[in-house]
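As structure tokens, the structure follows; a few thoughts come after it.
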Amino acid sequence: MDKIKIGIIGAGGYGGCGSIELFYRHPDAEIRALIDTQDVGKSISDLYPHLKGFCDLPLMAPDNPDCPEDFDAVFFATPDGVGQKEASSWFEKGVKIIDFSGDFRFNDPETYRGYADRIGRTQAHLSPELLPRSVYGLAELHRKEIANSDLVGNPGCFAVSCILGLSPAIDSKLIEPESIICDAKTGVSGAGKTPNPTFHYPARYESMNAYKISGHQHVYEIERELGILGGQEIKITFTPHVVPLTRGILTTIYARLKEGSDLERVKDAYRAFYRDDLFVRIFGSDEPLVSVNVRGSNFCNISLNVDERTGRLIVVSLIDNLMKGQAGSAVQNMNIMFGLEESSGLLHPGMYP
Amino acid sequence: MDKIKIGIIGAGGYGGCGSIELFYRHPDAEIRALIDTQDVGKSISDLYPHLKGFCDLPLMAPDNPDCPEDFDAVFFATPDGVGQKEASSWFEKGVKIIDFSGDFRFNDPETYRGYADRIGRTQAHLSPELLPRSVYGLAELHRKEIANSDLVGNPGCFAVSCILGLSPAIDSKLIEPESIICDAKTGVSGAGKTPNPTFHYPARYESMNAYKISGHQHVYEIERELGILGGQEIKITFTPHVVPLTRGILTTIYARLKEGSDLERVKDAYRAFYRDDLFVRIFGSDEPLVSVNVRGSNFCNISLNVDERTGRLIVVSLIDNLMKGQAGSAVQNMNIMFGLEESSGLLHPGMYP
Amino acid sequence: MDKIKIGIIGAGGYGGCGSIELFYRHPDAEIRALIDTQDVGKSISDLYPHLKGFCDLPLMAPDNPDCPEDFDAVFFATPDGVGQKEASSWFEKGVKIIDFSGDFRFNDPETYRGYADRIGRTQAHLSPELLPRSVYGLAELHRKEIANSDLVGNPGCFAVSCILGLSPAIDSKLIEPESIICDAKTGVSGAGKTPNPTFHYPARYESMNAYKISGHQHVYEIERELGILGGQEIKITFTPHVVPLTRGILTTIYARLKEGSDLERVKDAYRAFYRDDLFVRIFGSDEPLVSVNVRGSNFCNISLNVDERTGRLIVVSLIDNLMKGQAGSAVQNMNIMFGLEESSGLLHPGMYP
Amino acid sequence: MDKIKIGIIGAGGYGGCGSIELFYRHPDAEIRALIDTQDVGKSISDLYPHLKGFCDLPLMAPDNPDCPEDFDAVFFATPDGVGQKEASSWFEKGVKIIDFSGDFRFNDPETYRGYADRIGRTQAHLSPELLPRSVYGLAELHRKEIANSDLVGNPGCFAVSCILGLSPAIDSKLIEPESIICDAKTGVSGAGKTPNPTFHYPARYESMNAYKISGHQHVYEIERELGILGGQEIKITFTPHVVPLTRGILTTIYARLKEGSDLERVKDAYRAFYRDDLFVRIFGSDEPLVSVNVRGSNFCNISLNVDERTGRLIVVSLIDNLMKGQAGSAVQNMNIMFGLEESSGLLHPGMYP
């Protein structure tokens, strides 16, 4: 079989870099072109010298006439607004699309509007006709729809962590939905590669902070996905924090157990819900979950605990924000969309220490 | 006036080191002797070479006959069990005591029993007669009792962060007590200077984790202090996390606002409660709180936020675990016990970057 | 072809962990047993949870009768003294040996004696008869001997960095041998996984230091290899430093250029010397070498510079101490010993950021 | 006595911040105004919130008519080019000047020209008439001239480290001047507070590199000062490196001992040379020098070692680049210029851990 031909738009960012690292090891897909509006003409291995000899493709401008066009799939590793402007022309040619932003995470214009409000985007969606064709790209919830779709909105990194940590409890109605609190801690790479004063090394090496308290845009997709799953409107409290490490999201999730729920029922529900999900691993309360153990891999590690004194479920959910939270999920989605083994190119333990 | 003469027992640990750094700048107190059971005979500046020329006292064994005894105050910078064994002989001589462990944080044997159970200590308290004389050493709650006491149980670092973050809301009955969740993130120094695999540099530099989920011993003193203040039993959920930095505790506190409470009332209550407390600073939702800003100082920075969508108060409480969470509070207590200016030796901004 | 069957002795350390990560991706070799004297009975994935599902073999005691013995090769990822005691019994059975310590880096007892003196080992070598059969395992210098050998002494991490950085200049007689100074900076993982006060996170996160000034044991093998190559005795000054990162050795090498040498001749010599060496990459003075670019990979990046004002060659040599400096070189040696593609299992770019 | 009134120009950078931290503790000087061209109108404690309550002065534009002018001394904590443009008007009013850049480190236009060439500055010095009035501000070499001067060029951070590490050996003619190599490792704060891709946290947390190999501008002042001291032209090789920590410069200095020199003579020479220098501390080979031990303090720690095998002196010189390497030296110079105790405001051990 010919290899699947991939184009990456926005290839120069961390999302592009992570995708390239994964495709190097993918047996059935290969990168044909790297497209970006910055650093045009440079080799990707000038930006990321560890790729030297592994991927030395140049960054091409989107309108470069020499740019290959015979892609089977295009990754939009771009910020909000790019995919909705440019995806439709690819889509019409039959190219499958995976978009890393919020542009295609909501499959109707009205729902998208609610998201756009949160990110301060006043413009209407530029490709509203595509929205009903799009699928929310979290394989553990939407594997079948992804398999049948040509347009996937890759989920937000915090959303992956929260949704995977909560879905079985919501699905099995084990917790009080209005009691949910998600306290997330992320490494700095989640903010991308553009330097800013907050992430300047001397300002960050010994500092942590909360930000966007009760106002982060990922709340919107978390509540929507959990609401669909639970069959009722769900509102959560979500507080993101930045801590001085590079890769990893650890989300501590609190929710009141319903009458009759206990740790055993919770464990059973999680194991059953994820029984076919290779990349989700369930741990008990007595096993320590340390974020470095998912660094560089596509796994989500989940530990289940109950605070007997207060009747609360406490879930700790761990991912690498650049892998299961971004490029890893994207490749997993691509595998599903093309009927490949879902884990193809993704079965790696990461690196320690 | 003669300077207050201080002895530090357990001087070789981080609590001792932090105290020495503070006393160097203290106008009215001076260290007379450093006592420890480890590294006996070494100079403290061999252990902590930055102190060379500032404090070169030797570490003396507790039973060294040459050890000075004419202390006005003794700091027990020791783990649980030491103070309760050794404090009484000093106490009887009229020496004022500040103990860094849980030994004197509870002023009756029965309450202490509850704490001892949590730390797996089966023995009864060794100086039960002293317990009624002891005061919980959080100046912002117990300034007057501390001023009149000769025996202070310095609070746990997490407890300082949680109690200061919650007291005004409890005192003014603005929140539902059964809804309180404290999600704490601490730097590594909170675990002390003894190396272990978890805090080995390669294991920690890029890793975070939750631990003692719903089982940390500081919960006990938090619930007790809040319960006394609120006039009712209070049970909280508390989850500590370790993140890869050295100094700082950031606790994110969640609680449901009572009917009629709002951000303005909350702010008023906090400002009023802490109007005489130099070391507590209240910030609004729009001001970023970054942990490095309290590093090396005795301040507790608190930001107040309300999640309107879910009706929750979200308090972010920041301290340096080695200062306001340990040695800083100890010196503050000593100042109060001796009738000195409460901030004496403590008015320093820390260091940046 | 059947896969090569590997046993790893001392599997629980960083050297074992790194080897396991590499073998997971190796097409022609597989691990049959993990042997250690510590943590016996535990699964390797209990020690290193990122390996869960990738390698869950138990750690077996060396004398466990159930331990498989049908190895084609054994890695001694053990400290000095273990291989020389235990290797001969394997060697006699025809098992190929790669030892990570200094035990087999010197192929006669007298030379070994010089090394043993430096590490304070008074005992004579326990398998002197094996020494003439051993080869120094730096493929770029001894590829042919390694191919014909059944016993390889894997080089020290600092030695890899220094020898690769100097060999072409020595070989082509471009520098004054008595003028060589190697100033090495290493990450903390070089000291292994056993916690100690120096590498406790709070002691290290913001600290660097020189150590073993002019007394590090790797000097011995560096001088020996360079001496053989240069056909004369060579004495260097070597100072190791520890800096607060986990993986990487950056060695800055200074030497006076001989009359008539210049940057162009140096570049030509290095390119010629390494023309068949996939894992050595030569860079000019204008290309920045950053250590993270070799993190997790088996490459040695070398930049060549001349200080015209003083007539000195300045070579910057970069490796990942756990890869080209340890497990990566070991697998590279194994590939050569078994006639496999030298880069088999090793062609990975590492991970960024 | 009235306090000395200080104005700081360029107050918003790390040099300004460090000076403010020091003046807060200075008994005889106080800051009257903070001047900058960026963040004008903001309080300094908005930029550096740890200063809240300690210094809340606004940043004023240089041309603000409300800006106080009755300074006794002005600190130019500004990059090259500012002081030479603006200092003369202050100087004429009798205000003492300390400039943090290279503008006044060379006391004649021709020497300055050599420096300007290295930093790519084509313009002639803007205040050549001031140059003969200026003094190189390293107190340990020029205490008397500083005491008699109104214009001091504060030394470069690397220069402080190298010059203090070499001066006694040069002065006593113990080493071969043409053999000197300085290998410097610096923390990231040396590059200032402006974010850039190289110092973005994810790019730096696990990376080190050499830069400006044989081309750093501080070489110029090092060679000049050592040349004056040694009475002959001296050319050194100097390579700076950045390592992932925030504060600290560790320079490892290599030089061939002259016939007849040995470690004892070296130690004697260093102790004699620095006998009146409170801020230089000499250590023997057996005492470990760790950079965190000078963090936040004005000390330079120096360890002396001889590599007997190669006849080289190896000096390790440690400073905090923001203290003895910048603001600390500036305050020390100010103390000397005003006839105060040289250590006034500077006697602090820093902070650990």
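By written order: A, B, C and D. Residues from 1 in each chain.
Convention: a residue touches a chain if its C-beta (ideal position, glycine included) is under 8 Å from a C-beta of that chain, and two chains touch if they have at least 3 such contacts.
Owing to the predicted nature of the structure, the values given are computational and were not obtained by experimental measurement.
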{"item": "Chain pair with more C-beta contacts, C-D versus A-D", "value": "C-D"}
{"item": "From chain A, the most remote chain by mean C-alpha position", "value": "D"}
{"item": "Distance between the centres, which are taken as Cα means, of chain D and chain A, whole angstrom", "value": "47"}
{"item": "Chain A and chain C: spacing of chain centres that average the CA atoms, whole Å", "value": "38"}
{"item": "Separation of chain C from chain D, taking each centre as the mean of its C-alpha atoms, in whole Å", "value": "39"}
{"item": "Contacts with 2+ other chains: residues of chain C", "value": "14, 187, 189, 193, 202-203, 205-206, 244-247, 290, 292-293, 295, 353"}
{"item": "Interfacial residue positions of chain C with respect to chain B in the complex", "value": "14, 187-189, 193-197, 199-206, 244-246"}
{"item": "In the complex with chain D, residue positions of chain B that touch it", "value": "14, 17, 21, 24-25, 48-55, 189, 193, 205-206, 246-247, 281, 290, 292-297, 347-353"}
{"item": "Contact set on chain C toward chain D in their complex", "value": "178, 181, 183, 185, 187, 202-203, 205-211, 213-214, 235-237, 239, 241, 243-248, 250, 252, 254, 285, 288-293, 295, 303, 305-310, 312, 314, 316, 353"}
